[in-house]
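Given below, in the form of structure tokens, are the structures.
Common to both upcoming complexes is chain A, partnered first by chain B, then by chain C.
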Partner chain A sequence: MDSTLLSIDNLHTQFQTRNGLVRAVEGVSMTVDQGEIVGLVGESGSGKSVTARSIVGLQDPGEIVRGSIHLDDVAVTDATDRQLRRLRGDTVSMVFQDPTETLNPVFDVGEQIAESIKVHEEPGPQRLLEYLHLPPFSSRSEWREYRERAIDLMEQVGIASPADRVDAYPHELSGGQRQRAGVAIALASDPDLVIADEPTTALDATTQAQLLERFRQYNAERGTAILLITHDLGVVAEICDRVVVMYAGEVMETGPTERILEDPRHPYTKALLECLPQRVDRESRLPTIDGSVPEPTADRAGCPFAPRCEYATAACRDEEVPTVALADDRGSVTCVESNWSESDTPPSRTGAPGARSESTAAPESAPGDSDRPSPIVELEGVSRHYSLASGPIERLLGDDDTLRAVDGVDLEIQAGETLALVGESGCGKSTLASLITGLERPTTGTVRIDGTPVGSVADRDAATLTDVGVVFQDPHSSLNPRLTVERTIGEPLRSVGWNRPRRTDRVRELLDRVGLSEQQATSYPHELSGGQIQRVAIARAIALDPSLVVLDEPVSALDASVQARLLNVLADLQADLDLAYLFISHDLTVVEHVADRVAVMYLGELMEVGPADRVFDRPTHPYTKALLEAIPSLEPDSSTGTSLEGTRPSPVEPPSGCVFRDRCPMAETDCAETDPDQRRLGPGRAKCHFATTDASDP
Partner chain B sequence: MIGRFEALVAGLRRRYRAVRTSRATAAFFANPLNVIGLVIVATLTIAAVFGPVIAPYDPTSQDLVNRLQPPTLAHPMGTDQLGRDVFSRLLYGARLSLGIAVAVTVIRLVLGTAIGLLAGYAGGLIDELLMRLVDVQLAFPGLVLALVVAGILGPSLRNVMLALAVVGWASYARLVRSSVLSTKEREFVQAARLMGVSRHRIAIRHLLPNTIGPIIVLATMNLGTVILGTAGLSFIGLGAQPPTPEWGTMLSTGRHHLRGAWWLANAPGAAIMLTVLGFNLLGDGLRDVLDPNHDTPLEKPT
Partner chain C sequence: MTAYDYLASRLTTSLAVTVGVSLVTYGLIFLTPGEPAEIILSQQLGRQPSAAEIEAFRAENGLNEPVPVQYLNWLLDVCRGDLGTSYYSDTPVSTLIVEALPVTLELALAAMVVALVISIPAGVASAVHQGSSIDYASQLGALLGVSMPNFWLAYLLILLFPLTLGVFPVAGAGSVGHLVLPAITLGTGMAAVVTRLVRSSMLEVLDEAYVDTARSTGLRERIVVYKHALRNALVPVVTVLGLQLGTLLNGAVVVEIIFQRPGLGTLLVDAVFERNYPVVQGVTLVTAVVFVVTNLVVDLTYRYLDPRVRLGGETA
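And then the complex of A and B:
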């Protein structure tokens, strides 16, 4: 086959660590053809990134112990440094996950892109003096040419007004723009293969959609092959031609995207697909995969997925598992049981649908009902503005720029409901949560909890404080690393004066509720996994029987299967304890699964509020529509509609009139002049001139 | 009661096992320099604790017949101008130097940590005032200020201790404050605030333990410099007075006999150098292990 660009055969990459040998990649074989987009999917720790790094020879400190990698007919494993260097520029280039880390903060982006072009065009020795741009050693005009080409490249990757941005330093760009600059650097050498390692994971859904669209375009225009590494099957469905599913360092299944999504053969692929919230009915529990990824240090025989697989037989555990090639180019499966038919219904899965039906089935009463109970939390015209004046002198000079983090929000949360707050990053979701919990004090407006106006934490009495529990996003910093789980959960109990035996009992009960074992009570946070840490944080939040729990992106740092289990825990707790949730997330698929009502936020203002099914099925606000369109859909053939163009304006100088107007596809002159009012539309409300007409659309 | 005791023992055993098998311990022992530092400090500590038992002679008893003897088996480091055994004096001197170093460092640490914690957590005007105090303290060259204090209070070991304690706390205050400022913004502290945990308790239970790493490093390095400072002040006659076996004083008297009896000045000199080196190596090793910037990852892979 001369069209094969990359072929990996039986690759083994290992790491020598203090805890023994870590087998990160265990016999991976795959190919990427010219002009093909291949997705490499798997949970974290499945060896995706190590595989990618081995391809470009960056596996250090790991070691390739067996197998071969052929890239454009060059054996990477045996290549000399000089060969590798040429290969990395001409044939393959890489886009990394975190754009903040990839770009050098002390050079402007134009410089970095230009350098990439120059290195590619003049592959000879790169003398330091040339890069100093001092007149006798290098000519400035020549460099100017490179920078002009950098501008072209920036335009190609979709950076708006590249001529202005070319002199910007990385910190002056938004996350999406930085990632685009990273892509521009990778594309500068016009490679045959781009390896993109989780390129959109750190980005908002709307930005992700734009970037994926660029990848697709580039692939279509230049015929560049792309190896896309991701844990998000939605992204795969969006742009990939073929998929390789990895688990514990081994390839589980390969095949065309359509076949994998519609007819997965391997139990792991099936389980992975079933965990996705968008595949499951709103009211039912998410299926989960029991257990966790095996320790890569352990010796093992047979299929690595066997301990978690419900079809596993003795043969799976002990014997070598064959890789079965499917007919008609439909890929391959590494599974003993690969020949079962599609009609097979899986035997008892954890949490069969329906277990939760009675709990959340009660629809919350439509606004306007006379017998509506008073809400737990009421926000009335709440705003939070930050003054940007950096000192008393600037303040005296009248430099009163303010950042409107939250602006004029009216919202109420009823007992027992889940209100989801969605929006792009930086739209003020977390600030709004802080206003409710009391970490921030509103500039104007009032926050009422159980009908009484409350201030910040210092002003709240103990009863109000215990009424609201909080779970934060980052598993790394939400627990004190120096306290045991038991102490962490017991802390709120202690602060209201419970004695020790009573605390111990309660902690035990709470651990049981969130699905942790008693042995874990004496663990320290570093001994727990991300999912377990979030469970501890949830146990702490519900320790004092609050009526509202504020969940700030509780699952966004977790893998799909861990996320599904955590969402189930949250659903159970809500059913048992009659909790209300304020669920903050940028992931609309999760929101659609858990929310009773949804509030959409943009630049500190609420754009649309309404029952979840209504907002998702018939969005009235153009911004909500744009957000929904940006969700990568699992239908392989559907292409996203027009994704949101442009970038979010600064909250320091919001556009006049409607804040969304400069990105709104429907904007007209009227939008710039008058700020639209909130319009009541049936059970929901929206802040848009067009809202009524849209609602009547079928 | 017994049950609780057993639980305590089990907990301690668990902690010990955790420490013994932890990556941090392994990382510390992987570097031979760290081990050298630890060995020097451990030897010094043993010498200081068991000095009176090991020492073959009384450090102050004079034997004018055997004065200025070169090192022999009877006197491993020779004798001084009054016939006192240098080795015994060195051992007693270790006791003194280490005792002063620990006392001074503890005073500095407690004072500096308290001030830093208060400044960082309270913020505002209190922070501003305390930090300006720190600035003033840091603007003076430490040893010169100690000289002035010791000079005013009169020459004695106690005054040297006071002088050294007064000048060194500012760096602790800065360190603690900066780490409190960053810890304060972390989510677990906010969570504690939201649960109605008292300010006092947040400071003690949440902020303080998370600042302890860099402080231990600083204190270890400081032990070395304090020993150096004490010896220096004694050398110029502001610290320990002649009959006391103190390294600085010994060095000072030894310099008169440099030509005829080289061991007199070199023995305490080498002791001072080795001690400071040992503490610095140990401090460096601890920094590698405790520095949050290259901490072992907090989270296990899921």
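And then the complex of A and C:
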């Protein structure tokens, strides 16, 4: 086949670790054609990143023990270092996941992009002194020329005012800009294939939409093939032509995107699709996949998914499972035929194979009923400003920039409700949460808990403190690695003076509530999975029977199936304990599933507040609309429409009038002059001159 | 914080540190046993001085004043640029230091060069080939270098080079040849410490994602290591180099005496034995200034190496 750019055949990549041999990739075969966008999908630990790294020869310290990779007819697995370097410089480029770590902090971005251009342009020997810019060995004018071209590339990937940004160091750029710079480094060599490993996972939905659009454009204009590695099926639906689904180091299913999403054949693909909150009715339980990914160190036979598969037979467990090619270029399935062949009907929305699939409506309490007597938390005109002056002298000189992290927020949280706080990163969500938990003190305005004005943690009395629990974003860094689960959960109990037997009983009860076993009480955080750690964090948060739990991005670090289970745990707890949640998230599909009410934040201000169905079905604020449009839709071929243009202005110098106006498609001159008031609209409110209930109706 | 603010605040602290050092040494000198006038005069006169002679000496050198007053007088003189005169030769202390300082600086610099020339390649090679024989050899070398006292190494070197092979002079100063053995002696210990540091710092950096980014563009491994990784790995190393200077100046005292180099170390040790207070004070002060200035330079280098330190605040 002429058009095949990349072909992987029966690839096995293994790692030698202290715990034994890790079989990260076990017999993966796949191809990418020229100009094709292929999605490589799977949960963490499925081996998709290792597969990608093997393609460019960066599998180290892993070892390719079997199989072959052909890239542009060169065998990567047998290539010499020089051949491999040429492949990387000419044919294949890689975009890595975390833009905070993938750019070298000590070189400006221009240098890093220019270097990549130079490598591509000068196939000869690369001399160290030349690359170190040592005058007699390196030509200044040549570097300057590459730098000029770097500016062009930066413009191509959508970095605003690239001529200024070219001298910026990575830490001076926002996450989105950094990732764009990373893409520019990858595109500098004008590659035939770009491998993008979770390129948008760390980014906001709006930035993600912009970047995916860039990928699509580049693919259309240059015919560059893209291998997009992601765990997010929404992203796949957005831009991929074809999908490869991986599980535990093996390919489960391949096929055109449309077919995979609408008619998945493999039980794993089906289960994965069904865990997605956007596929499930609001207020109903999310289907989950029982069990967990098998240990990659264990010897295994048969299908790796068999232990979690509803259809599994003895043959699945013990025998080699055939890969069956589907007719009409519809891909292939690695599963015993009887399991999938009859399921020609589209997947039902409620039943999940191998899952606790009962679709009981979660006994949801408190629909956003604003007549309720007294809210648990009430914010009145709350602002938190930070002075950027570095010392008293600057402050005296009036060189006093303030960063408005939170600006004039009015908000109340009722007992038993879930209020979701959404917005892009840096919009002040977490600061607002800190004001409620007392980790920050408001600059102006009042925070009331149970009707009493409260200050920061130091000023709060014990009753107020126990009333609010917190679960932080990154489960790995929010638990003390040297404390056992039991001590972690028992810590708040100890601080209010419970004795040991009472604590032990309570910890046992809490573990049971969050779905952990008693044996895990003696484990340390590193022995637990991400989902289990987050359960421990939740148990700690509810230990003192709070009436409100602040959940700061509680599930964003987790895989879809784990996320679904955790969201179910949260729903159960809320129903049993009548908890109110402040659910902070940038993932609107999750928010839509869990929230009773939604508050949308932009540049420290609330743009819109209202009942979830209203906000999602008929948003009134242009910013809310833009956010909703940026969500990757699971319907293939549905374009995201207009994504938000431009970058977020600095909270130090917010635009005059309405803070959103410079990115707002509806903005008029009036918006620059007068700051809109919060307008009441039925059950919700919005801060926009044009916010009317009709505005959203087409 | 702007660069000027930063410099201003650093200079203020540096000044305070220098004054503090002089205060402490002044205090320590007066705690040492023995009557200075007696020791000095008996050496100068070659006999036991009379009470009158002692009294005259004390009066002449202001030794009868209370110690705090003596210190303040000395400090005022220093501010006027006068470090006093030696009790023995009537030579101004500043002249003695100006003669001795280049000899020591030359040695310290040469030792630093020796240390870096050994430690950076060794540390990098060790990290790049972790677990290989190169790694073990360099680690063993580093262990030896740290554990070997420099006076012992100095005698081994003298035994080997001038005495057996007939190259390099045994002692003295003045030519490049004179510098080789003392520089090796002094540089080895430092090289050992820095090698280990470069190795561990480099190992950490080689695990960073941006190293893979650099590799993925098709750069040679050599450039990835020496351009992308090394500059990041050097950030903590530079900090330690500044602190190591203290050890280096310490070591210089011993090494200068063994190799009979007329540097600050020799000057200081002689002055201590002779109770030549103005010289002790002067040398200590100059050493403190050198140390403080070096660390200031180190911090500025740090800002150059790591752009994240350049500005106080985040601008992202």
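In this text, the second predicted complex is superposed on the first by the 647 of 698 C-alpha atoms of A that agree within 3 Å, B and C clash if a C-alpha of one lies under 4 Å from a C-alpha of the other, contacts with A are read in each partner's own complex, and residues count from 1 in each chain.
Here is the rule we go by: contacts are C-beta pairs under 8 Å (C-beta built on N, C-alpha and C of every residue); 3 or more make two chains touch, one makes a residue touch a chain.
All figures in this text were calculated on a predicted structure; none of them were measured in a lab.
In this overlay on chain A, chain B fits alongside chain C without clashing.
Judged by the touch definition given at the top, the superposed model places A:Leu58 against chain C, while chain B stays out of reach. Once the two complexes are laid over each other on the shared chain, residue contacts for A:Gln678 go to neither chain B nor chain C.
Of the two partner chains placed by the overlay, only chain C lies in contact with A:Ser189; chain B stays clear of it. In the superposition on chain A, contact is made by A:Gly89 with chain C only, not with chain B. When both complexes are overlaid on chain A, the residue A:Ser44 reaches chain B alone and has no touch with chain C.
By the touch criterion stated above, A:Pro492 is placed in contact with chain B alone, chain C being left untouched. In the superposed model, the vertex angle chain B-chain A-chain C (Cα centres) comes to 30 degrees (nearest 10).
Per the superposed model, the minimal spacing between any CA atom of chain B and any CA atom of chain C is 6 Å. Judged by the document's definition of touching, no chain A residue lies at the interface with chain B and also at the interface with chain C.
The touching residues of chain B, counted against chain A in their complex, run 11, 14, 23, 26, 186-198, 201, 205-206, 209-210, 296-302.
Interface residues of chain A, counted against chain B in their complex, comprise 18, 43-45, 292-293, 437-439, 457, 462, 465-466, 468-470, 472-483, 488, 491-492, 494-496, 522, 525-531, 533, 537, 540-541, 543-544, 558-559, 562. Only residues 53, 56, 58, 81, 85-90, 93-94, 96-98, 101-108, 112, 115-116, 119-120, 126, 128, 131-132, 169, 171-174, 182, 185-186, 188-189, 388, 390-391, 393 of chain A touch chain C when the two sit together in their complex.
Interface residues of chain C, counted against chain A in their complex, comprise 1, 5, 208-210, 212-223, 226-228, 231-232, 235, 305-308, 312-316.
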